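One structure is given below, represented as structure tokens, and several questions about it will come after.
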Amino acid sequence: MPKLINKSLLPPKKYFMQGNIACAEGALAAGCRYYAGYPITPSSETMEHLSNRLPEVNGVFIQMEDEIGSICSMIGASWAGAKAMTATSGPGFSLMLEGLGYAVMTETPCVIINVQRTGPATGQATRPGQGDIMQARWGAHGDYRIIGISPWSVQEMYDLTIESFNLAEVYRVPVILLADEVVGHLKESFIIKPEIEIFNRDSSMSDKPFGTVQDDGVPPMPIFGQGAKLLVTGSTHNEFGIRKVADPVVQDMLVKRLCAKIDNHKDKICKTESYLVDDADYLFISFGISARSSYAVIKQLRNEGIKAGLLRLKTIWPFADEIIKSAAQNCKVVFVPEMNRGQLVLEVQRVLCNKQVISIPKTQGEAIYPSEIYNESKKYIK
Amino acid sequence: MPKLINKSLLPPKKYFMQGNIACAEGALAAGCRYYAGYPITPSSETMEHLSNRLPEVNGVFIQMEDEIGSICSMIGASWAGAKAMTATSGPGFSLMLEGLGYAVMTETPCVIINVQRTGPATGQATRPGQGDIMQARWGAHGDYRIIGISPWSVQEMYDLTIESFNLAEVYRVPVILLADEVVGHLKESFIIKPEIEIFNRDSSMSDKPFGTVQDDGVPPMPIFGQGAKLLVTGSTHNEFGIRKVADPVVQDMLVKRLCAKIDNHKDKICKTESYLVDDADYLFISFGISARSSYAVIKQLRNEGIKAGLLRLKTIWPFADEIIKSAAQNCKVVFVPEMNRGQLVLEVQRVLCNKQVISIPKTQGEAIYPSEIYNESKKYIK
Amino acid sequence: MEKIKLNRKWCKGCGLCIEICPKNVYDREAKVSTKGFKEIIVKNPDLCNQCQLCELLCPDLAITIEKTKKDAKVNK
Amino acid sequence: MEKIKLNRKWCKGCGLCIEICPKNVYDREAKVSTKGFKEIIVKNPDLCNQCQLCELLCPDLAITIEKTKKDAKVNK
Amino acid sequence: MSKIKITGFGGQGVILAGEILANAAVMDGKEGSAIGSYGSAARGGLTSSEIVISNEFIDAPFSEKPDVLIALSQDGYDKFVYTVNQNGIIIVDSGMVSIKPLPKQYELQAANIATSEIKSPVVANMVMLGALSAITEVISKTALINAIKETVNEKFVELNLRGIEFGFEKGKQIK
Amino acid sequence: MSKIKITGFGGQGVILAGEILANAAVMDGKEGSAIGSYGSAARGGLTSSEIVISNEFIDAPFSEKPDVLIALSQDGYDKFVYTVNQNGIIIVDSGMVSIKPLPKQYELQAANIATSEIKSPVVANMVMLGALSAITEVISKTALINAIKETVNEKFVELNLRGIEFGFEKGKQIK
Amino acid sequence: MSEHLYKYLRPEAFPTPFCAGCGHGILMNAILRAVDELQLDFNKIVFVSGIGCGAWIPSPHFAADTLHTLHGRPIAYATGVKLFNPDLKVIVISGDGDLAAIGGNHLIHAARRNIELTVICANNSIYGMTGGQVSPTTPKYAKTMTTAKGNPEEPFDLCKLTVACGARYVSRYTVYHIKPLINSIKKAMTTKGFAFVDVVSPCPTQFGRRNKQPTLYEMFNDLKARAIRYETAKGLKKDELTGKIIIGEFNE
Amino acid sequence: MSEHLYKYLRPEAFPTPFCAGCGHGILMNAILRAVDELQLDFNKIVFVSGIGCGAWIPSPHFAADTLHTLHGRPIAYATGVKLFNPDLKVIVISGDGDLAAIGGNHLIHAARRNIELTVICANNSIYGMTGGQVSPTTPKYAKTMTTAKGNPEEPFDLCKLTVACGARYVSRYTVYHIKPLINSIKKAMTTKGFAFVDVVSPCPTQFGRRNKQPTLYEMFNDLKARAIRYETAKGLKKDELTGKIIIGEFNE
């Protein structure tokens, strides 16, 4: 897939900005020109910012009647050629799942921002949480794959939104930015570089917009109005888009490819960051704002002479099992701090079968603080 | 919780009936008097049957405008005192997830039938699948628990629907009957016994309908019109039902109790069935119609002198990890046949860390046949 | 060139053309075909007045009325 | 017994009562309180004609007009 | 345990026949199961029914390798004829299907019988069930009759029973 | 690394003050982060802002144990006063808060100053920032001024700057 | 169908998957006639549909861009297509269940917003595809799979509803009234703004069979008997209109 | 509020969480007056609301059974309550965003079905709770958080809409027109069938501030200027009604 270098929209420099707004700017920088959404705390700033900014760049902004309409309209726009996005939080994300499955099935590039708050249900609407991790992976019916990404700073609300668009376009898959209320509302400094790496879908004409030679390939995606006479459907379909609702082979090949095009490219998709991992006896595995508190903790532990390290997952889905296995190889105990009752830890436990994997959950509608992680981990550090 | 014995509604005898209709009859026998639903293949027969039968027993039937309305109206009816139910399939279930989370948060007894078809998205609407297992567990935002049950026969479409209502009432939790198209549309013989064990919610007056002394208890549930001045809310609330949307302690206690009231009673909730497990070298773990094919396979393997056994999960959620661990203790290889790309197997792998756990997935919009399981397992049987 | 084209592959035998044709142009075969119904035949093509009703109302798009010159404008 | 009860705990100082009272019954204190606004006072209770407008329109349900006998039926 | 597959196109009553067969087995005191599967379009497409009859709990209620294949249409015959169990038999409407030369294949013109003798083409399915009962031990005629009486709309019971009778007689002849 | 917490009730401009402070740090070439947290009702409830200023990447952007607590209201003071770092300091609006006898506590009547001197009660928050700048090394007055100029609506820049100045002077006095 | 319209079809998709005598095939024909008479560029039309028999009218039968979406959501998808590329003509074709039951909210909001879409409701007063359950347009007292004793609910008048939302062009015809129907679809397709055509399209299989009109012809006779022109209807009282189908253009 | 109404309140829930000058408090008062004047049994009323400021009116302020549901869904919940126990009086109170944006479908279907509910829309023409985004009742050209240059869309007239669906009783008043409002709520509460009251309730914080009416009093002045009686409005042309708020009863 050819990589492009675009000029950034905003003048390159250091900014002081809110995460949700950096996300909106990241989207614009990535080429997003369609936004459909429905207000919800704590994600609304992204939409508010785009309601002003999109018209300035000839893009389209619409506040829809609900989240279902939002995701559907976004998918429609994507087939009309747009890089398209929506942003929401838990309750809205729950409503988008049928549409998410549709985007997966039709291989529609699009980006969904979920600024996670405290659930379940309406929960504590203004408070942070990280309880939608598993939902992003499993929330729609049937078998499928998505990409789920977790930013830990305002810088990454910008950078990883761009990354989300790139991945969506390359793999023709919905990408979910699993932010949380803290990074969404956090204001801090971040840098906009003069140039941005951009990937665009291959929209060349093809009579097989849903089939490839490889079992794990991504077909080209002509758009509406090009004369490709597209047959886009959420029903099981063959490479031409023709419905095949009773054909076992077509069903099997399709589902397998939808999974394989992500699974088999984990090495390219999965991004992690390691901090003092190499010699670590105690490995923290975390993401989003929890990883930032974990980072503070490993620094503190190192100060005390304890060999602690942090593996931070920028990519949560697909799950970076190989990277995790190799990072954990020599450590004694693995800690998984997260703002939920233990979701990521289940995956870590599955992957690190023979390790002691300790869950450090928090569900208090607050960020998980360094002191909490520190105190809990100390119980296992000798 | 006091157990009641009810007379069955239909004359006790052997019947020949479709699974979906047996489900409807099971619901009636359990005391279901409210049904709200929206048509969808392959679950509609349940609703059609109830549209005729409910008025006969003074119950209420309504076809709502969509699945969201269905689950919400069911929850409303439950608070008005009804045993209430809805039935759907993948796309409809995806739309119900926000409501599901609400039912969990408000501890509303209710039963959701998901007759699983082939996904993702519209997929193959008339074809069987088991791809919504993980969705049932993780589909709504935030942290929560539900109970998920899997019938493998028409008999169990009846029996386990009754069981679903009982569990819903005892634990004040939504229970999801994870059926599949095969058991839903299968017609076979089954027996209605003269008497049925029934559990009803404790609807005694209480000023603390959302709090208990125990950390894992189930509070009494007064209903509307009793004068209890109920405050029912999907926001975080204290034991009285008062919204506490910024209180870390209340949030933590509530979420923990919602999880613990299920987790800590696994031994009472989880039902499994073992076939020739005791001396098995090769253990099959399966559920629903896949378990029936597995059952045929172990019989065939035994005929060949191979020590094969089957552990069948009637309860999928909460996950019966202890039972699985002890069943698998002495076996060499564990096989997990299922009609998806490998969902239950992930849990089994997590729990049976040191075993060889082999996934036998099928996503062809067809039942998984004994021959397929047999051939695949034979590769590992020496 | 025939005036009335009946696309048997598309026709499902609903019988609407028979009922609706003012000129009694259509009829059925005597025997049930392997498609499970008695196929439609154009019995009296010459009676056709090219009113196009059958063409417009056939639910399986199975009928074409070729316009002969003199009628060509009737349905503009 | 006072005719006008002002529930200071509930009042948020929106000032509607001041604006809307036809008899100029209400006013504000001079200084900002710890609640962040100048509290409302019932300056001229005796001018009140018991029209009840303030009671019905106070958005914080903070005003009660006790009816004296002669006016008791005014707002039935 | 007997595994039967009935196949035809939509409208031939394949699903109903399967259900009556399984239900009849239940009335005979056995276990019986039936799975109907509709083609993609449900209208004219390939339809089939899988029936299992057993003295004990039926494990997998499928007829992957049927002991008996009952074929009412060409498509169904072509699709399933080679899946039949090696000791299995085939009962085929040779008026509808051009058959392959195979052992243990019983031919009768069910649709023709239904049309000409019973004046009701829709009971070809019952003719086939009648023949099944005559040719094999799988199900008794009495059980079929009882099942029809219980299941079928009163108006059509008589017609269906005649289908069974005709089929049974024909079955005895070709057995 | 400095961790600051500003606390008050809704309407006192606590969040804005936090943002200006963090932004000022960024203008000073440092890293700065600000998190605002609203009370349950967002209207009159307890509000606070956590600011971290650092020369390198800020790890956890929280002020669990602040080095500086700036308290504009009683509730906030009561809630956070004992969370202050052992070497930390407290700057408190003693016109609004009845204080406890504590070391390293600096008192000024910010709201009164704002009302009487600047005729604008809403800039008490700026008065506190000005005092902070005088009392500690955390932030320079110039940086605050620049941040205000960049952030605040033009109409109110002047007013806010006066708040900073008054606060700075007062801070120098009580330092 | 006239052979000069074959160019708009994917022949491999025929025969259609509809039942014998399904009104949706007639509507299919009518839509293509309208497109043809207007000489619209078929490469610049996007046909959007939901889930249901009616939703299969364009997909896969039309040789244009088609977007076969989720049940109830075609209007939301169409909104995205149209807003991002206003040069495309976006035509929504879907069932009464799809557009008015689960999809009702998108319908009323798109009408309110006046998004330039042509929305054609293939209205058979029933859920055809799922086996004949009651729909929001099923007449009162009619029998369906879920109202065996007769529908107790009042149906929507979708034309009144969309007019109340501010739709620019609103009409109703039955497939039997084929020529005014084609003309009306043409008007809808050229409306600058939201246009809605409610097309009464018989479903003999699921509706007719249960309501003593088992063939399309019998259903046509019923339509003929019940149809009444909008202008005529205006003069009548509510109870005089019971059971009537008001046809014509609803905007004034 | 008159002290004899205090018995309907949970005093611990006061002061309300609403902003100073929020119209929703006035509506709260009006509803309780109506309940009191009708002498309804408060133990047999269930108040159902969605999510939003308006949804907080009954929950937790009213000392009755309250069901605080999901955003947009109160009418669906209420349907379940009412159908299962028709002896309960079920009153839905929620915002314009809740009832008409995300919840629009439940609104129109409940009206069509004529479920016996009293639905009171606390209509501030904005999403108050989430910070002032445009709502489906925001007047054209008004400024909101997501329409900084003025709302480009036409709003719903929710009364026209519910009338078109067949609602039995439909009215609109502003909280300023407090006495007719109370009377209308009483009528709605005693309607045998679906009743809808659209209550214009000022939101100074999110709407007023952005549209040059920063206080409740100023918003009242605006309401006074724009209100026009239904009977009067009938005689006027569409453009004469631009910007007007039609108050009165819409059923005829």
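Note that the chains take the letters A, B, C, D, E, F, G and H in the order they are written out, and that residue 1 is the start of every chain.
Note that in this section a contact is a pair of C-beta atoms (placed from the backbone, for glycine too) under 8 Å apart; a residue touches a chain by one contact, two chains touch by 3 or more.
All values derive from a computational prediction rather than experimental measurement.
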Selected interface, B-H versus C-E, where C-beta contact pairs are more numerous: B-H
Most remote chain, CA-based centroid, reference being subunit B: D
Remotest chain, subunit C as reference, centres from CA atoms: F
Pair from B-H, A-G or B-G with over half of its contact pairs in common with A-H: B-G
Distance between chain centroids, defined by C-alpha means - subunit A, subunit B (Å): 30
Computed distance of Cα centres, subunit G from subunit A, in Å: 39
Geometric centre distance via CA averages, subunit C-subunit A, whole Å: 58
Distance from subunit F to subunit E - Cα centre to Cα centre, in angstrom: 86
Numbers and ranges of subunit F residues touching at least 2 other chains: 40
Shared-contact residues (touching 2 or more other chains) in subunit C: 12
Of all residues in subunit B, the ones touching two or more other chains: 65-66, 68, 91, 98, 102, 121-122, 126, 233-235, 245-247
For the subunit B and subunit A complex, residues of the former touching the latter: 68, 90-91, 93-95, 97-98, 101-102, 104-106, 116, 118-127, 129, 131-132, 134-135, 137-144, 233-236, 245-249, 251-252, 255-256, 258-259, 340-341, 343, 346, 349-350, 353-354, 362-366
Subunit F to subunit A touching residues, read off their complex: 19, 22-23, 26, 31-36, 38, 42, 58-62, 64-65
Subunit D - residues contacting subunit H, complex: 5, 9-16, 19-20, 37, 55-66
Subunit F partner contacts - residues on subunit D that touch it in the complex: 12, 32, 34-36
Residues of subunit A that touch subunit F when the two form their complex: 14, 16, 126, 182, 185-189, 292-293, 295-296, 299, 367, 369-371
